[in-house]
Structures are given as structure tokens and as C-alpha cells.
Amino acid sequence: MEKKVYITRRARFNAAHKLWNPRWDEQKNQEIFGKCSNHNWHGHNYELHVTVKGSPNIDTGYCMDMKDLSDIIKEFIEEPLDHKNLNLDVPWMHGKLASTENLVIEIWNQLEDPILNYDCELHAIRLYETENNYVDYYGGQ
Amino acid sequence: MEKKVYITRRARFNAAHKLWNPRWDEQKNQEIFGKCSNHNWHGHNYELHVTVKGSPNIDTGYCMDMKDLSDIIKEFIEEPLDHKNLNLDVPWMHGKLASTENLVIEIWNQLEDPILNYDCELHAIRLYETENNYVDYYGGQ
Amino acid sequence: MEKKVYITRRARFNAAHKLWNPRWDEQKNQEIFGKCSNHNWHGHNYELHVTVKGSPNIDTGYCMDMKDLSDIIKEFIEEPLDHKNLNLDVPWMHGKLASTENLVIEIWNQLEDPILNYDCELHAIRLYETENNYVDYYGGQ
Amino acid sequence: MEKKVYITRRARFNAAHKLWNPRWDEQKNQEIFGKCSNHNWHGHNYELHVTVKGSPNIDTGYCMDMKDLSDIIKEFIEEPLDHKNLNLDVPWMHGKLASTENLVIEIWNQLEDPILNYDCELHAIRLYETENNYVDYYGGQ
Amino acid sequence: MEKKVYITRRARFNAAHKLWNPRWDEQKNQEIFGKCSNHNWHGHNYELHVTVKGSPNIDTGYCMDMKDLSDIIKEFIEEPLDHKNLNLDVPWMHGKLASTENLVIEIWNQLEDPILNYDCELHAIRLYETENNYVDYYGGQ
Amino acid sequence: MEKKVYITRRARFNAAHKLWNPRWDEQKNQEIFGKCSNHNWHGHNYELHVTVKGSPNIDTGYCMDMKDLSDIIKEFIEEPLDHKNLNLDVPWMHGKLASTENLVIEIWNQLEDPILNYDCELHAIRLYETENNYVDYYGGQ
């Protein structure tokens, strides 16, 4: 039985950030990023959906134990991001603009390898910045 | 860096409509559309998700500024549809049955070109008619 | 055991309406009600929460069977309001402005007596017009 | 007009289950499934999204009448699963581990043929076990 | 500063139950409780809101540390109820009909004393059985 | 007609903050506030519900125009708080711990007077910090 299913685990983290391009002056940052460039930061309750593709195991009925997936997300994403400043506190975001687009790509990069240990592959990352804005990434070029 | 991400903006509009085929008589409309054919209209809080595909810009971290996407949706969708009658008040719905299926295709047609100005392409339209019913459209034939 | 609990049943109906005061001219209606006064109507997915106060019965554990409460809401509220025009199709809204405030009071008036047959009393009506606007009513003066 | 749209109907059912592999002893089941293996069962409010692909009919504007889709889901899924025990009460789950992954595949198998009668095809099944866990299935190998 | 605020913590647990009165025969149970009386159980994702009343402490800004409130709910409610059978596995529900009404009263009884240790008092318990049904309890007669 | 209804308007703002008592040293702050005391801030999508009590006007059916209520919330709450740092950027939060409890009281203080201009009175403020935590305040001692 090699039927492929897609399992998704939701997680959340609360973080501060600002949108600021250090190669631009104050005026240009304000012009492009508006209130998102506030020096003193602002923040969000980010909501993350991690989707993994695999086949249900004959003995467990699991594609991958949701508890294991949850533990991986906790170790690689929640620990470094929750109650943190995305611009200052996260080594793998250094030198990158803290946009949702860039964040979702880097979250993929953190999760791709740990999930390969489970006979499954990472399929999609969805990240909600607000109830009105979210970004999906499916890896690859 | 040519990685493709998919950004989604949610919007809402409140509109009246009815399902009514003018080529059919009263009885046939009632038989096919039931209470949705009520002469005096009914209405919905429609929820719209517009998904755009593109690559994050190196200087902004943006695929496309969500503010620009929101402005396009306001101009081309919310202005003509919000607090309106979908059968009577919307020129580009004239002569079409005001089903969610037809509406989602016409919303695509309104948004496709304006988004092309942004180095991005429209990828998907999702439209919720109620919490239990929604329609997705990805363009093409 | 005379402990009082409050049970709530959620229901939904989709209706058209407009805000229009027939004692005012066109200009005044437009000035006060803005786009809500559109001649051709608009509409909403209304969400209703009906809260009833009573004591759990020793034999059933029920304050009032949720199925009975649901049936009462269907008969007295959903039947007359769902897929209807609140200004034209609902006898008990005739002559009243179809605001959420007035609607919630009239819904109370429809439900108060039928619930008294169940050793319970109506405690509150909450009506959501959109995800951003709702009105509560607790009866009385 | 052969444009393809994807319509989705949401449904819900409340059921009991446990994760238990009869080829394993008590200790092994407890080790693999943890609290999900509780002898006395636990349960969930499952939320199901059924997505059907088709073209809007020229006369109705419908891909497939949502009422028909809802009736099919009621007959083939809600009737056999709602207020039932997934391990004991559902013939087509006998001999299978009652995981969300296996459940979503079997729900597909129940729905695939009835939908073919409507000039449409089943496209996707999404099943939420909790607000944090869900599984998607698109059929095929 | 003796201003009173009401803080609420949300928690969740997944449990099996049935509605069954042992003083009644099979037929009467079926007549009163319908599908909720299924011998083989069914279940729910219960959602619990615990509201505590108190004044913000001058040094912490807290009425009561949400972490402490969360720990109390985990110890006294989630541990005994999550992934359990409400009729069989919960000593303080023995001999009581496992209705939401009775459950909410017993949850109050479990939480009232532990919260008194925090210069606060339990104010309300809300328990959602489904998205359409919930019960509130404020203690007292 | 002097029936009292309670109208609620929902608003949202995204802000950074930290919990930090300047009268305590680093170690004590860490001990009491844990990860919420992170020097570099974290943030939230706050969701605000403002409830106003009044009687429906005979001419408008309104207790108070939701548009006016929305404008007041924008001017007095969203403008000063959205995309801001609650500890640094908000004059009326200076010297106060940026807890949800204190924030909800100060939001009340900002809104109470402007609403009195409308033949209505402020009844309640609810503020969600996350989907699991919220605080209500009804004014008074």
C-alpha cells in the first residue's frame, strides 16, 4: 500500500520584528515599509502549518507520528523563534529581511532535513502573519 | 534567488444575490434553485482569498507588497461588489448566473491583469460563500 | 440540585436587507446609512447565539434538550429569515429599520414564549452581522 | 466553457476511536500510541472538507449542486460515522487502524463513485482531527 | 488599585462519552438521548474557557500568572479528562450523566479551590461540546 | 422604547512588548516573567472587542453607528498602538507593566469619554493576546 497522504501540524509563535533594509536610509525605509519599519519594533502571533508527505505505515496507520512532527517543530522553529526578535535573536535570519516570504523559506530550510529521517518528505510550509496575510512555500527553485 | 512563494491576501464583501435562470419559468427555477431563487433576494458575507505567485525581491523581502495587493482587491473587487446586488449592480456579472463558481471565475478575470504589473502572477482565487461552501479557481481552461 | 447553567445554541441564516428610513428622502438616507442604503440591497451570513438559563434535570443531565432548542430556532427564526429579505419577507420586521439592534430584539420576542414551555428561560441573544460587528440583548427594559 | 473549478463542502461528525494494533501486546501499543491507545476510547469532533472538480453548467452556474454533494456526504459518511465508534461500528474500517490517515483514504473510497454520477470528479479529502492536526488525500497511488 | 479584571485561559481535551441513564431501559434511553446513547460511545474535542476574577498586582501587572492558571487546568482537568472516557475513567463523574451541563459544574468544583490560593476567584466556566453547543456556569446556587 | 442592547466592534493591532519590572534585577525579572522578559522584545496580534450599551434610536435603528465606534477605536487605540512598541511608544502606558490586564484598563480609560458623546456608555473591553489568553474589563472599582 503506497498511497500518499499529506499530514499537517499547526504550531504558533509570538515574535517581534521590523522591516528595515540597512542599505537604505531612514526616508527610503519609511517610504517602502511604512509603519512596518518602526524603529522600536512591532510583533505578531505567527501561525505555522507544516505539511509532510508520506504513506501510512501498515503497523501504525501513521504517515509520521504527529508527536514526532510536533517535537521537530518545537526544537527547530518554536525554540528559536517564540518570544524572540526575528531580526536580532535568530542566527539563521541574520542578514535577511524579516518578511514573511523570507521567513517561510528559512523555516523550510530548518525542517527539511530532520523530516527526511522519518521516511517522509517536507511538502509545504504555510505561515500566517495575520488573519489577512499568509505565505505558502513548496521548496525547490 | 529565484525561489517561488505564494502570498495570499484575505478580503471580504457583503452582497445580495439570487440564483435565477431567465430562460426558465418560475416553477423550474424553484425546482432547481430552491430557496436560493427567492425573488426578493438573500445575501452573504463573502470571504475572498487571492493568491499570487512570485519570488521575494532581494531589497524588500516582498514577493509583492501586501498593501498593493490589498489596494488592487479593493479597487477591482470590493468597490464593485461590497454592499451591492451581484445580479443588478455589477456590469461584469450581467448575463451570468450569480453562482459562486461563476463569481470566482469573473473575479479572476478582473484581477489577472492588474497583478501582472508587479512581476508576479495570479495563482488562485478562493471564495467562501458560507462557512460550509467555498470554491477555488486556478485559471486556465 | 438547583444549580443554574446557561446553554447556548448557535444557528445561521443568510439574508438580504438595506437600511432605509421611509420618512427621509434619498439624500438623508444616503448621508446617514451610506452604502448600507443601496436600493438594490446587500446581505449577510448572520450568526445567531441563543442562550437559555435553567437547571440540569436529574434524569437527563439536560437543562433543555439542545435538539429541542435547535428545533425552536429553526421554526421561529431560520424558517422566516433564512434566504429571505429582512425588509420585505418578514412580517414581524415590517415597519422597523432592519438594523442588527432591532433584529436582535425581535428575535428575542419570537423565542421568549416557546422556551418558557421547557422549565427554562431565555437569557441572551447574540447576533453577528459580520466578524467585526455583533449585538447582544438580555431582554427587559 | 470548459473552465475547471474546485468546489468544497464542509461536514462534521463526532466519533470515538482508539489507536490499537491487535498484533502487538499491551506494552507495545502503549509505547507507540501513548494515551491514544486508552482501552476505554477517546473521541473527536472531526471536520471533513470534500473537494470536487468540474466545470460550471451553463444553465445552473453550478459545477455540482452543493445540496447534492451535501446529501452524498450525509449518506456515505455522516450516517455511518457520526456518533459512532470508528473501531467497532464502521464495517469499512474493520481490520484497519483508526488513524486519520487511514480514515481519509477510506472516506475517499466511499465518495469516489457516487460523485462520478454528477459529471464531476472527487479531487481532495481533508480531515481535521483537532485544530492542530489534519490530513489531505488526493487519491491515486 | 483595586480594579477588577477577568482573565480567561482556553484549554482543550478530547474524550469519549455517551448519554445513558442506568435507571432506564434501552428503549427509553434511545428515545430520550437518540444517537448520543450509542452503546459503543462517541466523542468530542471539548474546548474549555476558565475565567478568573482579580486585581492586577502592582509588581507583575498580572491578576494571576496565566502559566499558573494553565498548570492548574492541566493538573485538575486535562490530566483526568484528555484522551479518556468521561463515563468510565473519571472518578468525579461517576454516577452522573455525562452531559455538558453536568460536566461544566464538576469542572467548576475541581478548579474552585486551587484558584483560591492565588488571591483570585473562579468566575466562570465555559465548555464547548461542538462549534454549535456550549454551556456556561458561574457557580453558586 | 428604552430597551438596552450591547453592540460590539472588533478591532486588531499588532504590537511589540516585553514584561519587565524596572524595580527588579535581571534575575528576578527572568524568574517571574520567563521568556516574556526577553530584552529584545516579542509581539502579538492583539484582538480587541469594544462593547457599548445603549438604546436603538427610533430613526436609525442604531444604538450608535458602528462606523463612528470604529472611527473612535481607530483614533484612540489603533493609531497609538498598531505597529508600535507598547513599552516605548505609548505615552499612556509609560510607567506601567505592559501586561494584558493593565493594557485593557488603559484602553478603557482612552475610550470611556469619547463614547459618552453618543448617548451610549462603554460597557466592556475584551482583549485577546493569543487564541488561548484574553482579559475582560467592565470599568469601575
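Chains: A, B, C, D, E and F, in written order; residue numbering restarts at 1 for each.
Everything that follows uses one rule, which is that contacts are C-beta pairs under 8 Å (C-beta built on N, C-alpha and C of every residue); 3 or more make two chains touch, one makes a residue touch a chain.
Just so it is clear, the model here is predicted, and its values are computed rather than measured.
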item	value
Shared interface partners, meaning chains that touch chain C and chain E	F
If a chain touches chain C and chain F alike, it appears here	E
Distance-maximising chain from chain E - centres being C-alpha averages	B
Label of the chain whose CA centroid is most distant from the centroid of chain F	D
Centroid distance [mean C-alpha coordinates] between chain E and chain D, Å	29
Whole-Å gap separating chain B and chain F, where each centre is the average of the chain's CA atoms	34
Two or more partner chains touched - positions in chain E	131
Listing of all chain pairs that touch each other, if any do	A-B, A-D, A-F, B-C, B-D, C-E, C-F, D-E, E-F
Chain F - residues contacting chain A, complex	12, 14-17, 35-36, 38, 40-45, 82-85, 88-89, 130-131
Chain D - residues contacting chain B, complex	2-11, 51, 56, 59-63, 66-67, 70
Chain D partner contacts - residues on chain B that touch it in the complex	19, 21, 23-24, 32-34, 96-102, 104-105, 131-138, 140-141
